[in-house]
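As written, the chain order gives the labels A, B, C, D, E and F, with residue 1 at the start of each chain.
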Amino acid sequence: MFIYQKTLPYPVKIARPDPKLAAMIISQYGGPDGELGASLRYLSQRFAMPYPELSALLTDIGTEELGHLEMVGSLVQQLTRNLTAKEIENSPMAPYFVDHTTGVYPTAASGYPWNAASMQSTGDVIADLSEDMGAEQKARKTYDNILRFSVDNPDVTDVIRFLRQREIVHFQRFGEAMELVRQRLDQKNVYLFNPAFDR
Amino acid sequence: MFIYQKTLPYPVKIARPDPKLAAMIISQYGGPDGELGASLRYLSQRFAMPYPELSALLTDIGTEELGHLEMVGSLVQQLTRNLTAKEIENSPMAPYFVDHTTGVYPTAASGYPWNAASMQSTGDVIADLSEDMGAEQKARKTYDNILRFSVDNPDVTDVIRFLRQREIVHFQRFGEAMELVRQRLDQKNVYLFNPAFDR
Amino acid sequence: MFIYQKTLPYPVKIARPDPKLAAMIISQYGGPDGELGASLRYLSQRFAMPYPELSALLTDIGTEELGHLEMVGSLVQQLTRNLTAKEIENSPMAPYFVDHTTGVYPTAASGYPWNAASMQSTGDVIADLSEDMGAEQKARKTYDNILRFSVDNPDVTDVIRFLRQREIVHFQRFGEAMELVRQRLDQKNVYLFNPAFDR
Amino acid sequence: MFIYQKTLPYPVKIARPDPKLAAMIISQYGGPDGELGASLRYLSQRFAMPYPELSALLTDIGTEELGHLEMVGSLVQQLTRNLTAKEIENSPMAPYFVDHTTGVYPTAASGYPWNAASMQSTGDVIADLSEDMGAEQKARKTYDNILRFSVDNPDVTDVIRFLRQREIVHFQRFGEAMELVRQRLDQKNVYLFNPAFDR
Amino acid sequence: MFIYQKTLPYPVKIARPDPKLAAMIISQYGGPDGELGASLRYLSQRFAMPYPELSALLTDIGTEELGHLEMVGSLVQQLTRNLTAKEIENSPMAPYFVDHTTGVYPTAASGYPWNAASMQSTGDVIADLSEDMGAEQKARKTYDNILRFSVDNPDVTDVIRFLRQREIVHFQRFGEAMELVRQRLDQKNVYLFNPAFDR
Amino acid sequence: MFIYQKTLPYPVKIARPDPKLAAMIISQYGGPDGELGASLRYLSQRFAMPYPELSALLTDIGTEELGHLEMVGSLVQQLTRNLTAKEIENSPMAPYFVDHTTGVYPTAASGYPWNAASMQSTGDVIADLSEDMGAEQKARKTYDNILRFSVDNPDVTDVIRFLRQREIVHFQRFGEAMELVRQRLDQKNVYLFNPAFDR
């Protein structure tokens, strides 16, 4: 179970609202490579993980990503504060506003509601860790693209850099986990697959 | 942010595996009225909630539902332990197994991956609380249906009764929140809508 | 079965086309809280409704919403009449136009085609009525947001106000239906759930 | 707008419940080629139809399909009456039951909720009528397959034959409509496309 | 199996990048009526086609559409070359860019990822060919709409005209195939349905 | 463009039909980790790949996977030949049959039509190759699970083993490609990310 703590992993204080930027950053809340998918992927995979240290790793990172999800939600909320209907109407946030006002909803920037089809949980330790390493690189890529759009808003850039850096750390940790699994499964299994069926 | 605590809100100890039951209970993990939708709904809505006590209520219940999600994941995991491929092949769990082995994945019993289209977050306090009351009743209904299928497995029944009871408590608390909002917005607003546009 | 009558429940006569507004209003045709979902929700739920007067209520409101769906379709059609390709290309309607020209298609403003995941029909009288009350408030919220975008086009505002008012009336009627059910099920069942499983 | 009439287009009286058959027939309620898609397709396309007689044809057939949707809903309801939980649990209807009890919900037999991606409305008279002719043949195919599964339940077979026959009549009528359009657009346009862009 | 050949069916050489146009043309890559759906529809249907010449026809056209898919991908790639982040940020391509940078991804212009719900493969020769004729007209319509948006970019217009012309040829060929089937099934089966169940 | 060649990459000759097995194997046609997703992922990513040898690698493997997709389609077709309606009705293939008869349609075993949300194409060389390595391991896992269900049908097992082996080879090749990229991007970039934004 989880205990909520009121502080964020990193402070979010946005001075200047910007509905256009909010409409892009929402993709890290509910987009294909965003924080919702990240946390749910790891918190789901851990049930089938055969090694306790990897189960703990998935729990750790999954729980951390829940905090990142909260940070991204705060970014969207602060970027849409005190806007007039006119300002929103003339921004790319208009279609989102029709259905969600300025509430935070898990959708991609494209308007596609989050869908579990964008993640996997396979009950196979190597397949899951490979998926996780891919997921971290794709999340890093999304933050790169948001950075390209937020150069004029340093408050946002600062938060995004923090989040991006954490994805790189997670990628490293999943890489180490993969190494550990490879050694345990079979020291000569250089092809990284479950050997059970190739006897 | 969230802190993980190793204990579950209520113990899950299933003696007898049952792939058929697992294939049904997964709907409370990733089905239309399951715990993933519940926790994400409340944890998303709180960003736009104008009253601090309601924001806190949503955070409380959303965090509790994360723990329930973990309980349902544990149910699925324990119900699928130590099964042979043959036992799974001849159960309704077979299609799930092809893509997820016995990993825990957020899908409905029908095989439909969880989709954010089944929840809303509207930035409108009355619309959100009305949605929440509906959501709790729909979750209660799903637990009722699982109870109808699990009569032969008392370990499961016991856990499901606990979870079902919590939904009823949440329904009550959202009802009280609605009452509070109604009084604040306008003591005569018996129609329960935002009065801003009907001047 | 249904008989078609050529008049609309309320006249739709839009003098000035506006592709931007059309691209937003389409959400009340095929968006998550729009008229398609409303009519289909009620017309589906009535099959399992145990009390004849509630089955009749769902049929009444579901049939009325079919007429509102037609009104929203007319709004979209009239708002996109006689536009040049250039006018559409430079409006938020451009992506819609690529696939649907100015035909009326059931999609949200965000471009997400209507999906039954956004409605429920549970065979449980209390769960269904709770969902319905939530649905009416969410529809009301969408009309509020469209009103915020249509202040410059009074022909549209006038129609939207009519539609919005009907949602409030429906919310009231579902509230009365819930009261009736509560009394029938069990006069002391203040928690609003089906008591069948808690004996 | 629409007026509801209490009689069905053809009587539905099923003596023997059968959850397996109900779980298949639901595809004509909310499956890819079912009656919901049919009625919504035609009732949406008519807004952009340039010829009044074709607009009227789409309204007629779309309204008739709403009555067929009601018939299919009645079939599902009657096929699931008075079943025990055990009978449902051991039938292919079990996953549906978990989320919808015996309520009628728009989904395919496969468990995929109805999705507007399975229909089109293009604002192009020839594309729409071609889609409609395809839709009628696909609906006829679904009824053929249901007939293959319902040979032991003549009450069902009788209703399905009626519905299937109507699809063939609609196919004919759309074929005649296409002929009419071809003649109007250009008597030599044997390729059936809008000539506007090939000057 | 397939052999890749480095030349395109028709040359794609776009001098002037245009992110707005790219954001529209992507619909012919992964939109409801685009080339991915076309090729997959025909290459899937051929397995169940009872007549060898029709199976060959589906293989031919399906393989050709794979080449068209490649052409559309090239269009998108060339239209997004050497753009600055600022140019993309201020174009309708911005939401796409957040998740896909300038990579080619199968989505509609509306931002809806390609979904197999927009195609059918029914194992029924008449239903499949009717669907195919509809599909070709809908693809032609999409090219018509892209032409309406690309008048200022003759390099694009030239390629789109080629692709559009091929859809018309395919429509003709499927019409001839339907004629052939009609004659084989039953010379008097003017209603175009499988007669197996109406004896 | 692509040339079709009538031979399969590996012969498919199934003596004994088996609708249950067909209903599971379809997941390698249109499931989340199947051959459709594989070929489309690689054939889409190659447009943005900055190094010619990697673009060629993606084209090679993507084209090969198109041949594997054809093999899986042949498996499904041959496993469903000459079955009676009764045999299908009493198998897990029944819901599929209602909508697709024995035609080949891109869906998961769970009944979820293929959805591009299960793949990515990011325009970022490291993110794409990481995703590809994950995809190959997930495909290998699916073949492992199908092998667990097909032990009694050696004709099937033989084909699945071939396909599974190819995924392992592809995984290796993508691993080598990643190594090549790492060396080019920056010999010290051990964290595997695009360095452009961390200056």
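Rule of thumb we're sticking to: contacts are C-beta pairs under 8 Å (C-beta built on N, C-alpha and C of every residue); 3 or more make two chains touch, one makes a residue touch a chain.
Nothing here was measured: the structure is a model prediction, and the numbers come from that model.
Between the contact lists of subunit C and subunit E, the overlap consists of A, D.
Two copies of one sequence, subunit A and subunit C, touch each other mainly through non-matching residues, since under half of the numbers at the interface are common to both. Taking each chain's centre as the mean of its C-alpha atoms, the one that lies farthest from the centre of subunit A is D.
Annotation: 25 Å between the Cα-based centres of subunit B and subunit C.
Between subunit B and subunit D the centroid-to-centroid distance comes to 33 Å (mean Cα coordinates, whole Å). One simple way to say how far apart two chains are is to compare their mean CA positions; for subunit A and subunit D this gives 41 Å.
Subunit C and subunit D have Cα centroids lying 22 Å from one another. The multi-chain contact residues of subunit F, meaning those touching 2 or more other chains, are 32-33, 99, 101, 107, 110-113, 115, 117, 120, 122, 124, 141, 148. Pairs of chains in mutual contact: A-B, A-C, A-E, A-F, B-C, B-D, B-F, C-D, C-E, D-E, D-F, E-F.
Contact residues on subunit C toward subunit E in their complex (touch as defined above): 85, 89, 94-99, 101, 107, 110-113. Taken together, the subunit C residues at the contact with subunit D in this complex read 1-5, 7-9, 30, 36, 40, 43-45, 47-48, 59-60, 63-64, 66-67, 69-70, 73-74, 76-77, 99-107, 113-117, 120-124, 128. Of all the residues in subunit D, the ones that touch subunit F in their complex are 20, 23-24, 27, 31-33, 92, 108-112, 141-142, 145-146, 148-149, 151.
Those residues of subunit F that touch subunit A in the complex are listed here as 32-33, 112, 115, 117-118, 120, 122, 124, 126-127, 130-138, 140-141, 144, 147-148, 164, 168, 171-172, 191-194, 196-197.
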